[in-house]
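Listed after this line are the structures, all set down as C-alpha cells.
First chain A sits with chain B, and in the next complex the same chain sits with chain C.
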Partner chain A sequence: MRYEADAARISHERLNDEVIIINVETGAYYSGSGIFADLWSALMEGASDLEIVQHFEGSHSGEANSIRADVRDVIGQLIAKGLLSEAPERSSPAALSLPDVPGASWSTPSFAEYTDMWDLIQLDPIHEVSEAGWPFAPPKDAG
Partner chain B sequence: MKDSVSFLSAVKRQAEQVCASRHARREIAIGTATIRLAYCASESSRSLDAFPLKEAGPASWSLCAWDGVSAGRLPPPRPWGDTAHEPLGIVKQFTNVRQRCAYDLHTQSLIVADLEARSAFIWYPDIAALPTWAHASPFRIPISWALAEQKLQMVHGAAVAHGGGAALLCGAGGSGKSTTALAAALGGFGYLGDDYCAIDSAGLEVHMVYRTAKVLPSTLRLLPGLRTWIVNADRMNEEKGIIFLGPEHVKLVTSAPLKCLLLPRLAADGVPRIVAASRADAIHALLPSTIGGLMGGTASTPGHILRLASRLPAFHLELGPDMDRVLELIGTTLEGRP
Partner chain C sequence: MTTSVPMKVLAFSPLYRPFLGGIEILLENTLQPLRELGIDVAVVSESAEGLAEFEVMDGTRVYRLPMSAAVRSRVAHEPLMVIRRLAAIIKKEQPSLLHMHSVAQAAAFYVDRLTTAPNPLPILVTLHGVLEEEDKLGVVLRLLGRARALSGVSRACLASGASYLPDHVPRHLIYNGVPPASVTAPPWRMGERVRLISVGRLQKEKGFDLAIRGLAQAVSHGFDGEISIVGRGNEEQELRSIARALGIAERVLFCGEMPPAEVEREMARCHAILAPSRQREGFGLVVAEAGRLGVPAIVADTGGLSEVALHGRTGFVVDQDNAGAIGSALLNLFSSQAEWCRMSDHARSHVRESFGLANCIEGYADFYRSNTWTDPHAI
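Coming up: the complex of A and B.
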C-alpha cells in the first residue's frame, strides 16, 4: 500500500536528519530523526510499505522480521494519528532519495508527539498569563 | 469552487466600495515585504501606529480593513456554516492555493486573501470597540500571509539587539519574553518587538513587525518607569497595559542579524544564568505558539522553524529578580561568550 498526507491539514518539513510534522487540525506536532525521518520521507515520496521495508533491509543490518514489523507499526501509528491515509493510486517513485547510511544498524523508528498547541491557541490572544509569572519567585516546591 | 470564487469577488467588490470613501492609508515595511494598508473605520484608531517607523518602497501586498458600524458595510453573507472555521480559524473549504478565508474568534473578524492578487481583506464588527491589544498587534494573520510570500516567517517571540546582533526570545505566554525585552530596551538594547517578529531563516535576520509592548502589573512593579507610557493604564484591571513605543522611549531597531535563540524560564533558585538548550527545546519553544497564534501557519512554517533551530545556538535564559545580571547575560551571549 502507498500513502499520502493531506496537504490541507498536514504541514511537514525535513531538514538534514530531522523531520517535523504538524497536524493543524488537531493542534499536535510530531518530530523524529534518523530512521523515522527516512521512513517519513519515503512515504511522502510515494513508496509503498513493501518498498520501504526492502529499502531498509538493504541499507541497515538487522532482522528482516523486525524491520518489517517496525515499519508497519509506525505506519499504523501515523494513520491512527491522522497524519497518513492510504493512497493506492500513487505510483512507485523511480528511486528513493534517502541519505546513505553505510554500516547502519536497524533500530525501531520512533517519534515524539507534542499536543500542547491547542492549549496555547485557547490562551491567545494577549497570551493570558497568571499574575504570578516572572519575575516572582517560583513556588517553594518547584524545584 | 464556484462559491469560493464568488465569495472572494463579493468581498473584493465591497472592499473597493468602502475604500472609495474616506480612509486612512499607510505603507509599511517589514524586512523585504512592503504592504499598503487601507483602513476605513468610523473613527481614527491607533492600529496604524503599531507598525515600524521605516520608509516603505513600492507595495508588494495590499490589505484593506473596515468595520460594520455604518450602513452597507456588512460583509457578504458567509457561504459556510457556523463551525467551518474550527479549530484554528481557517475555513478549509474556502482555502486553496489561490485564496484563504479565516475567522478570528478573538476579534470576530473575517479575513479573506486573494493570494494571486497579493491582496487581503479584513472586516471587523466595530473597530472602535476592539480591545487595546488588538490595536497593538493589528492584522496579524493577513500580515503573516503576506510575509510568507516574501519568504519571511512571523514568529511568536520577542527580539532585542546588542552589538550588531539580535537574540530571539522564544517561549509560551508568561515565560518572560515581554518583560525581558522591555527591560533590555530600557537598559540600552535595541528593541524589535515583544510578541511577534518576522524572521528570515535563510539570511538569519529578524525584523520588527510591531513597535508595541504589552505590560502586566508584575512587569510594572519591576519596571515602574513604563507606567507613564501605557495608553490604557486606567483599564489594567481588565486587560494588559499597552505601550506604543517611539524613538523617544527606546532604541527601535527594524532589522538585525540573528545570533541566538534565548528561551526564558524562571530560575528555580532565582539566580539568573544561561544554560545550553537543545535543538528540540528551541523548536518546542518556538513552534507550538507560532503555529497556534497564526492559525496553523503556512506550508513553509515548519521549514523556517527547523532551519532557525538548526542554524542558531539556543540557550535557556534563566530569569531572576536581578535584572542587571539578566541583561549582562543577554549581552555576553550576543557577543558570543555566554
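Coming up: the complex of A and C.
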C-alpha cells in the first residue's frame, strides 16, 4: 500500500533530521526526528509500507517483526490523525533518498502532536507597548 | 593559573528592549550585574518590525526570531527555519542551560523540539504570571514537567506551577527587584488633598472602575481626593462615564501614556497607589515602584499583589471586585497623618528589604549556579 498527504490540507517539510507536518485546517502541528523523519520522507517519496519495512530492515539492526509492526503502527496513527491517506497504486521510487545511518539500531519511531499551537501564540504575553516604553501602545501600523 | 570561564545562559523572553514590559525591565536591570558575577546571558525573543535579527545591546547579545509568525503561517517551512536558526544560535552560544522567562510563549514549542534529543540542555523556567487555566496547554505543561528548576516572581506564581513538576525539582522564589528611586516623594500632610494613582492598561481586568467607585464612596464620606490614571486602553470612555455618573469627573485625571521616568515623577506626587485588579497579577511592579518612594498601596487580594503590599503595614489588601472596601481603606489610610507616615515608612522599607535589585540579582545567580551541572553530551 502507498500513501499520500493531501496537499490542500497538509503542509509538511523536512529539514535535516526534523520533519514538521501541519494540518492547516485544524492548526495541529506534528513533529518528529530520526527514524520518524525517515519514515515520513519515504512515505512522501511514494514508497509502499512493504518497501519502507524492507529499507529499514536493511539500514537498521533490529527484529524484523518489530520494525514491521512499528512502521505499520505509525502509518496507522498518521492515517487516524488525517495526515495520510491511501494512494492509488503507482511504481516504486527508484531509490529512497534517506540519510545513511551506518550501524544504527532500530527504535520505535515517534512524533509529537501539538494541537494547541494557536492557543499558544494567543497566550504569548506580547505587551501592548511601543519603542517609547511601557505603557505606550505600539503604532497602529506596526506588524 | 586558571581562568574563570563565565557560565553561559540562553534566555527566552517574549520580547526584549526596546519593548518595556515586566520581563524586559527585569532583564534590563539584571543582565549586566549578572555578567559581573560571571553569568553571561544571551537573549532570544520575538522578531519585531524594524528591529535587527541580532544586535548587542549594552553588552547583551539579542537574537530575534519570528517564532509566533512562523506558527501563524501554518507553512511547515517557517517553523523549521526557526528551529534551524535556533539550533545555530545554541551551537554558537554553547549555553550551559536554557532559561524560559514565562513558559506560556511561542518559544515553548521550539524549545520543546530542540530538547527532545537524548541528553538535552537543562531547562529552567521562571513564572512571571500566575499560571491560569488557559495557560495550561499541552506543550506548556510538558515543558514545565521537564524543567530542572522552577522560579516564580511571587509565591502566587510559584504555587500556580509547582504541581506540574516532580516533587524533587527545586523551586526558587525570586521577587522582581526595583532599583533605587531617582526622585523623592514629599509626605502627605493632614488636610492636604489626597492624590491617588493607578497605572496600567485601561482594561476591565485592571479594575480601575473599582478605584473610581471607591474614591466616590470615600468622597461621599467627606474624603478630599483625586486620582490620576496613567495608561490607555479601550475602557477609557467607560471609566470617564462612570466618573461623570458618580459626580466626581473633576477628581479623575486621565494622564494617558507616560514614559517610565514621568510615571515615577507622577507617583512621587501621589499619596497612595490603587491596584484593584480583577486578574491574578504575577507580581505588581508598579506597586513596588510606588512603595520604594514611600507611597502606600491599596491592592486587591489577588496573585502577587498581596505579597508586594502588606495588609495593615504598607497599605491595605482588600477583597477583589469590592469598591466599598477600597473606599473604606482610603478613609482608614488617610485617617491620620501618623498612620499614613507609618505605612509610608513600612512601604519604603518593605521594598528595600524584599524587592531590592541586589536580592533579585543574587536570586537569579543562585538559580543558575545551583541548577547547572556539566553534561558534555548535552546538545
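Here, the second predicted complex is superposed on the first by the 115 of 143 C-alpha atoms of A that agree within 3 Å, B and C clash if a C-alpha of one lies under 4 Å from a C-alpha of the other, contacts with A are read in each partner's own complex, and residues count from 1 in each chain.
The rule is short, and it goes like this: contacts are C-beta pairs under 8 Å (C-beta built on N, C-alpha and C of every residue); 3 or more make two chains touch, one makes a residue touch a chain.
In this text the structure is predicted, and so the values were computed from the model without any measurement.
In the superposed model, A:A8 makes contact with chain B only, not with chain C.
Shared interface residues of chain A (contacting chain B in one complex, chain C in the other): 11-13, 15-16, 18, 20-22, 24, 27, 29, 31, 112, 114, 116-118, 120-121, 123-129, 131-137, 142-143.
If you check the complex, the residues on chain A that touch chain B are 7-9, 11-13, 15-16, 18, 20-22, 24-27, 29, 31, 112, 114, 116-118, 120-121, 123-138, 142-143. Considering their complex, residues 14-15, 18-21, 23-25, 46, 48-49, 68, 71-72, 74-77, 79-81, 83-84, 102, 104-106, 108-109, 112-113, 116-117, 128-129, 134-135, 137-140, 199-201, 230-233, 257-260 of chain C touch chain A. Considering their complex, residues 11-16, 18, 20-22, 24, 27, 29, 31, 33, 112-121, 123-129, 131-137, 142-143 of chain A touch chain C. Chain B meets chain A in the complex at residues 87-88, 90, 92, 95, 106-107, 131, 133-134, 137, 172-176, 179, 195, 214, 216-218, 222, 239-240, 264, 266, 268-270, 279-280, 283-284, 287-289, 291-293, 295-299, 301-303, 305-307, 310, 319-321, 323.
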